[in-house]
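These notes concern the structure reproduced below.
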Amino acid sequence: MITPLRARDELDGPGLERLVEHILAGGVSGLFILGTTGEGPSLSYRLRKELIERTCRQVKGRVPVLVAITDTAFVESVNIARWSADAGADAVVLAPPYYLPEGQPELQEYLDHLVPELPLPLFLYNMPALTKVTFELETVRRAMDNPRIIGLKDSSGNMIYFHRAVGLLKHRPDWTLLVGPEEMLADAVFAGGHGGVNGGANFHPRLYVELFRAAQAGDTARVRELHAQVMHISDNLYRIGRHSSAIIKGIKCALSLLSVCDDFMAEPFHRFREPERARVQQLLSEIGLLK
Amino acid sequence: MITPLRARDELDGPGLERLVEHILAGGVSGLFILGTTGEGPSLSYRLRKELIERTCRQVKGRVPVLVAITDTAFVESVNIARWSADAGADAVVLAPPYYLPEGQPELQEYLDHLVPELPLPLFLYNMPALTKVTFELETVRRAMDNPRIIGLKDSSGNMIYFHRAVGLLKHRPDWTLLVGPEEMLADAVFAGGHGGVNGGANFHPRLYVELFRAAQAGDTARVRELHAQVMHISDNLYRIGRHSSAIIKGIKCALSLLSVCDDFMAEPFHRFREPERARVQQLLSEIGLLK
Amino acid sequence: MITPLRARDELDGPGLERLVEHILAGGVSGLFILGTTGEGPSLSYRLRKELIERTCRQVKGRVPVLVAITDTAFVESVNIARWSADAGADAVVLAPPYYLPEGQPELQEYLDHLVPELPLPLFLYNMPALTKVTFELETVRRAMDNPRIIGLKDSSGNMIYFHRAVGLLKHRPDWTLLVGPEEMLADAVFAGGHGGVNGGANFHPRLYVELFRAAQAGDTARVRELHAQVMHISDNLYRIGRHSSAIIKGIKCALSLLSVCDDFMAEPFHRFREPERARVQQLLSEIGLLK
Amino acid sequence: MITPLRARDELDGPGLERLVEHILAGGVSGLFILGTTGEGPSLSYRLRKELIERTCRQVKGRVPVLVAITDTAFVESVNIARWSADAGADAVVLAPPYYLPEGQPELQEYLDHLVPELPLPLFLYNMPALTKVTFELETVRRAMDNPRIIGLKDSSGNMIYFHRAVGLLKHRPDWTLLVGPEEMLADAVFAGGHGGVNGGANFHPRLYVELFRAAQAGDTARVRELHAQVMHISDNLYRIGRHSSAIIKGIKCALSLLSVCDDFMAEPFHRFREPERARVQQLLSEIGLLK
């Protein structure tokens, strides 16, 4: 889930309420907040706490809420996890500390130290393009020995890694394996994964839910049709602008055009201006979300 | 300056006092705290605030104190800058936000927005290996138009970049250009830079001060002799262990062996164990700091 | 196809004959020689010519033979293409020149100049980990306007790229899109690709042929079963040794154990020694290729 | 030295003669041909042989001629070395094979196998940006045990690496350590290196020779003055165009404007067009090489 902002360090509260309802109406199975698309690292801790509380209050237990606690500072990760538990969230999600790169033994020891401090179960979050450090599969395998670590979200975009992660599931039948990039949602389900954490579900949740269900049901014809829509969105919405923030900008712009919430972005990024906005509007018309 | 820690989220207060005196006794011209070697991003905000206050109190204006405010969240950078000003620090230091990479135009706009919020003048900090984003020289050139931005610390290790940064000095005669890696201190001064921010000065400040002065005086014979000592430390102290945190571990271990302060490290890193400690001890004997 | 060698700059001729028969007996649809797994760039031109001629003579038109002409020197690529045509090969395959990286406009112009010199139709070969340069999809799209360019082999391992390449097929219904990594063969076929160029088919061709057919038929149960075998090979055979040549070493070692051909490797690589060989033997037993 | 070309696979013979004389008249201590700036990997073997022979014939022993034998195929490296010896060259120069990356032990074994096949002494050439593989300093140290390996050219741009390479000189007093990037020539000499292999010396040899001599003499005032000219060339000539071939294009364009030789480039690159050519002309006027 993106984080609706009205201005610097200011939540768009009504937008947040509409966004949660918009996404839940689409049938999603859970909400993941403060991740990459949620601009988590760009937000003040005060605002992160507010977002956690407001989101949990709005969701009211209808679906699980997962909260990213990725941080370069151990203590701050623990703090966010505590706020999450207090607010009624269901699990927390952690990518490796991302300033000074650590080795895998250090990452393993870090998990050993961190997990006992967390009041909620933990998902690992593999995002090497941004953290510089991969959760190598040997580290994932070892984490599976800890029952408080319950799953992995893989946003590497590396399909071989994902297949190898599927191969580890035999060690933990209760483990949840999710994929980040929505272009790989069907592949991930075919491969034996359990679902996706897909940014496009912010503005078009039903599409990704239906694609997930079609893949799960093995309905390959329907998968092709829905996947083609996902690729159309990816090719047109996420490649406006050259920088890595283009996906978030595109999603926020779409939500603004759909009158769901504001498209203000935390620094150092800014919302799309015209003519990017016009291109998003055209895409939303093409896919039937705007008349 | 490293950050002396006694335990997780706990400063080594007496160690900090001894460390500041140890460094100042070596003749350094300033202190830079909460940078990469200072484990800034790994520390809780509470502890960063405490470190800023205690360091400024200990220094009592004898040399300028510079504080890193690098953060992925704009608002938190501003907060650290305010604590720094309140504590009596002299300037703040900023590397680019380091989770989601931004383009140079975004980085420029970010500076345009941030600098007016800062109560202290700003140094740029180029550290692409860790932030993924370079302060490209066109961005530095543009930053020079803002009189509140007063210098650049370059830790890229890229000598061509440094020479080009020297070439920009004609646009701002008051600008300060410093180099990060101590192996390049003499090169930087010969090239027209103004000094170094060198981790080794934590435990052996006089060596780096003397090297700086010899380079500034053009005393090439003395430079060769002192630089050989710097390389001996670099080759032996900073290459124990395979990971990028090896430099900090080595410096902290040396300080512990010199009875200056504790060598506890913030997660996900940990202090050297035996036999690394024995190797550091041997080095300190070789260079005459330990008998 | 790997290149069977007996010694430096010396083909293992009888091994080559057995290898071609071994692979064709497995039901493959074509042979690709002198690619990455074929150690193409490591071989002398004389030996490459010999391999092309002997392979074509052995295949005798039973399946198409594709020959990699990737080279840093334009003229040498043309030479290899001419030998290929003279020997009766069916197409040539080209990755970008891989010493000095070129921009996409330069790569496009390069194709414009090269294709008219080639006596055979051309496949593009996307292998950015080794060439440093990607065939960006805009360049592929543009190449589709040239009827002499007839397909793309994608070895990037990037599933999103592959999906986007599938999306381009509407512009060229006759285009052939193949995937490199065998771990992604089923994904690629489900996604709309036409097959794989998979190293494992050197020693176990039937497995990959059957996986391809099961995927094409939409037989997901069979795909899971066969794909699990592919992953078992990948996890055990291709991860012996730390270096990027481990896949080729593993395949050659397996072929040696199966008495198909010698496992000599061109410099700077060398064959597996004991105990790696023992591990390969164990794997071959596990998958039923050795008793 | 760049390679003067008149057309695809065609040397500019008279241009080559003028170029050799132009460079030697500038006082250089040696010629290095077929390296990165010489477009070595982009040239056919036939043309490389021709260039080696013509260059040696033109130089007639007035300075040593070094020839790059870097190749992905062991046998071809040996061939080029033999042509070089036959033509009267003095040494050969080798970067690591650059398609499939090898580990350091493989690189060491490769040197062990290659050197006995070479009829001339060998320089190592560290160019990791293009070869993907570094000559790590442990490998250089080990190479020093072989008296047939006589030096290292470092084009990494990494000043710390260079300092560490200087530190190895004590093991081989006869070793020659040269730097690639001309922006670092003075730094390298101050650091204890023996000189540079600098592309700019193609069109302005005297500048680099004088800078070398001033650095060697410790004449820092003169170094600053000449180094400023080197940086002016670097900032203006080597940054026209965005791609990594810009340096070669700039040098060839300058030589064409000075009527020394043709500026044709081997594929996939092409010569500067207007208006880049106009900018080069302006630079040459500024530095007094053109009226």
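Just so it is clear, A, B, C and D label the chains in written order, and each chain counts residues from 1 on its own.
We take it that a residue touches a chain if its C-beta (ideal position, glycine included) is under 8 Å from a C-beta of that chain, and two chains touch if they have at least 3 such contacts.
Please read all numbers here as calculations on a predicted model, not as lab measurements.
Look at the CA centroids: the one farthest from the centroid of chain B belongs to C. Comparing the contact residues of chain A and chain C by number shows a mostly shared set, over half of all numbers used being common to the two copies. With centres set at the average Cα position, the gap from chain A to chain C is 36 Å. Here the spacing of chain B and chain C, counted between their Cα centres, is 49 Å.
Within chain B, no positions touching two or more other chains are listed. Which chains touch which is summed up as A-B, A-C, B-D, C-D. On the chain C side of its complex with chain A, the touching residues are 157-160, 163-164, 167, 181, 183-184, 186-187, 190-192, 218, 220, 224, 227-228, 231, 234-235. Residues 8-9, 36, 39, 41-47, 72-76, 96-103, 106-107, 109-110, 113-114, 130, 132, 242-245, 248, 266-270 of chain A are the ones that touch chain B when the two sit in their complex.
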